[in-house]
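Next come two complexes, and both contain chain A; in the first it sits with chain B, in the second with chain C.
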Partner chain A sequence: MQSAVEKLRKYRDENYRSHDEIIEIWTHVLSNRNLSSLGDEKWLILEQIFKSALHCSKQSIARQCFEQLEKKFKKTSRRVTTLNGMYFESIGEFERAEEIYSLLLEDNETDAIVRKRQISLLKEQNQIREAISQLNSYLELYQADQEAWSELCDLYLSEHDYTKAAFCAEELLLINPHNHLNHERYASIRYSQGDYEKARTYYFSTLKINPTNVRALYGIILTSTNLALKTLGTNSKIQNSNENNQSLNEQMQWAREQIMQKYIETTPDLLPIIESAIQSLTL
Partner chain B sequence: MGQKLLLIIGLLALAHAGYSAAQHRVFVRLTEQQFERLPTDIIVQTLIAFLACCIGSVQLFGKFKPILITAEWQNKTWDTIGNRPSFMTFNHRGRKLFH
Partner chain C sequence: MVELLLDSAIRFWVFMPIVVITFFVGMLRHYITIITAGEKPVDKQQLADSQALIRTRILRENGKYIPKEGFVMRKHFFANEETGYLTKQQTRQQPIRNPITDPTMMTEMLKNNISNMVPMIVIGGVINWAFSGFLCTKVPFPLTYRFKPMLQRGVELATLDASWLSSVSWYAINIFGQRGINNLLLGENNAADQTKMMQDQMNMAAVSMPQDSSKAFKAEREGLLVVDHQWAFKNVESDVMSQRSYIRSR
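Moving on to the complex of A and B:
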């Protein structure tokens, strides 16, 4: 029981998405026990189980948790009411969910959580453009919201609007310059745009922060190959481009050796496959 | 548990050293000697007890965090960093997968 609670806490704090596992822990370990000994953490766990149950479409478990929460916090609690809205979202009654959310907003305009729910409601109904414009007006008010910038970036990517997605990724970089995944994402967006020079710079900055990022190593191989091909196409200054190509080649080799090294350390069996895969990526 | 014990022992030893110092003062006054300095064993006991208290209390409040700011994300993947719980949607494959 103790280890189950600890696992749930870890999942909750670090935003894991293993909802099926959470439900399993609940049905096998926790559902029949008395959770009162956990004190206030009980309610956090119930909320967590509720959300995971909705993800796994186990409405009966969700109702069970919801009833306990409602009994404790009454109908006046905004957080519990939001959960009720989520329940309606999950069974496809979007109008009722919207009704609940707009009532909550009327009560308190500054409730960021409810506004985010409204935006995800639009996303759920596949109204991506409407969601984007709502999210933009949300970000005008809450500019330091990392989660929202990340979401907007993803929404733009799903619309193939790379320029705007890159802008959001830049904002994320500014908010959190020490996270290697932000650098990697920005580089990948630039790569999709065809801006190999910039992509390569940011793949390198990813590696500077975290030398174990394999995706960035692959990114360096790809961008260097593409840049080399480009200079081959336009060899106006032959001397200059030769030198340039040589350094690109060196970097490519370096990245390749790094990847090989990682595979030798972890899974040597896969080495031949990786070798041929890299071969097909390079010239 | 060990660190708690160390802290308790350290505090007790510190209190004992203080009490001994006071007693030494009384002894000196009663025997009408000139007070020069505390005996070495009391000073040594104070220092050791102080060290034990330091180590015990530092150990008691959890583990040290890595000093490098990038270390926090070193082993994170996009699975957890890219997950945005306040924008979760329920209209996805979960409906078919777990039914």
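Moving on to the complex of A and C:
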């Protein structure tokens, strides 16, 4: 039991997304034991189990945890009320959830968690445009919220609004410039826009931070190929473009060899498939 | 010199009660603050201000990681002469919260003071009234004459050895020394601690002043204006390639 509690604590503090395991710990170890020996941590654990149960759509477990929490904290706790809203979300009763959230917001309009839930509620109902406009007004207040920018970026991408998505990705780069995934995302958005120069640069910067990012290597091959095609098409300053092409070729070769190298190190069996795949990507 | 002997009743009726009283007062204070302290909703404007300041600071520091267009666009948005966000905020009228005319602030301060000052005065008075004038213990090492006012408050005897401890001083020592016990029993950051409260009171003058955000905005804007865009990834292609080519040749 002690180790289970410690594991849950670790998952809770570090925001792990291993909800299956959390539920497993609950059903096998904790659910039929007396948790009151844990003191106040009991309620934190119940909240955690509740959220994980919703992730795994195990509503009966969620209900069970929620009833205990409600009995303890009554209706006065904002936190428990928010959980109630989440429960209604999970069973598809969006109106009731919305009602709960707007009531909560009336008391305290700066409650970031409730506002985020409202936005995700819109997203669940597939009202992407409303979600975007809500999220925009949220970001007017919380300008430095990394999660929100990331979410907005995804929403814009799902609407194929690349310019705005790129703006959000830039914002993410500003907030956390040392996360290679942010660089990769920005590069991919630029690639989708057809801005191959920037895409290539940011694929390279991804590699600078994390040399094992294979997606960025493929990205370099693709962008260099596209750039080479472009210069072939214009063909105006022959002298200049020749030089340019040479460096593009070099980059392509380099990325290719890096990918090969990785496959040789890890799974040599796949090498011929990869080779032909890369062949088809390049000119 | 003749050794001083203390009545053993002092142990039971002065020494122990002081320990017990200070401890339970600490507990009581902890629970009272839990009950009275409501969650203060954050001021919306203040929140927006601080978030905007964070964002401009980030832009100044990490602006080199985004392309030039993006940086210039954001800089324009924040620091533009006429319509820039910071320029506008800078000239915004600051509603100065006067603690005397603003009743909400008044009650807040009063609530603070009541939960802080009153118990301290009352308990201090009670201790002083009920237990003053006793010597209650002796520190087990010799001390110099200078320690007398600290350890023998309430017992002004010029010839008494400085290592004797008076009851009022014992109370003071208890207040300061119970932080560890309170942390153990009530958890970290509990409200039982009087010393922390005293520090708070010293800082109160600074806290209760409304922060002058227009000044902060002005400084931030000037800071942003002098920052120029130096793209961090100008030569990243050749950089990465040269850095990693040797892996291949190995």
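To be clear about the criterion, the second predicted complex is superposed on the first by the 255 of 283 C-alpha atoms of A that agree within 3 Å, B and C clash if a C-alpha of one lies under 4 Å from a C-alpha of the other, contacts with A are read in each partner's own complex, and residues count from 1 in each chain.
Here is the rule we use: contacts are C-beta pairs under 8 Å (C-beta built on N, C-alpha and C of every residue); 3 or more make two chains touch, one makes a residue touch a chain.
For clarity, every value in this text was computed on a predicted model and none was experimentally measured.
Does chain B (first) or chain C (second) touch A:Leu207, or do both, or does neither?
After superposition on chain A, A:Leu207 lies in contact with chain C alone.
Regarding the shared-chain residue A:Glu257, is it in contact with chain B (first), chain C (second), both, or neither?
second
Considering only touches as defined above, state whether A:Leu232 meets chain B (first), chain C (second), both or neither.
Touch partners of A:Leu232: none, neither chain B nor chain C.
Looking at the overlay, what does A:Glu147 touch: chain B (first), chain C (second), both, or neither?
A:Glu147: touches chain B, not chain C.
Using the touch definition from the top, say if A:Ser57 reaches chain B (first), chain C (second), both or neither.
Once the two structures are laid over each other on A, A:Ser57 reaches chain B alone.
Applying the document's definition of touch, where does A:Leu173 land relative to chain B and chain C: first, second, both, or neither?
In the superposition, A:Leu173 touches chain C alone.
Touching A:Glu89 in the superposition: chain B (first), chain C (second), both, neither?
First partner only.
Across the two complexes, find the residues of chain A that touch chain B and also touch chain C.
Residues common to the chain A contacts of chain C and of chain B do not exist here, since the sets are disjoint.
Residue numbers of chain A touching chain B in their complex, please.
Checking each residue of chain A against chain B gives 14-17, 19-20, 23, 51, 54-58, 86, 89-90, 92, 113, 116-117, 119-120, 123-125, 147-148, 150-151, 178-181, 209-210, 212.
For the complex, give me every residue of chain A touching chain C.
It comes out as residues 107-110, 140-145, 167, 170, 173-175, 177, 198, 200-202, 204-205, 207-208, 211, 247, 250-251, 254, 257-258, 261.
Of all residues in chain C, which touch chain A in the complex?
41-44, 47-48, 51-52, 54-55, 58-59, 62-63, 65-67, 70, 232-233, 236-237, 239-241, 243-245, 247-248
Along chain B, where are the residues that touch chain A in the complex?
The touching residues are 69-70, 72-74, 76-92, 94-95, 97-99.
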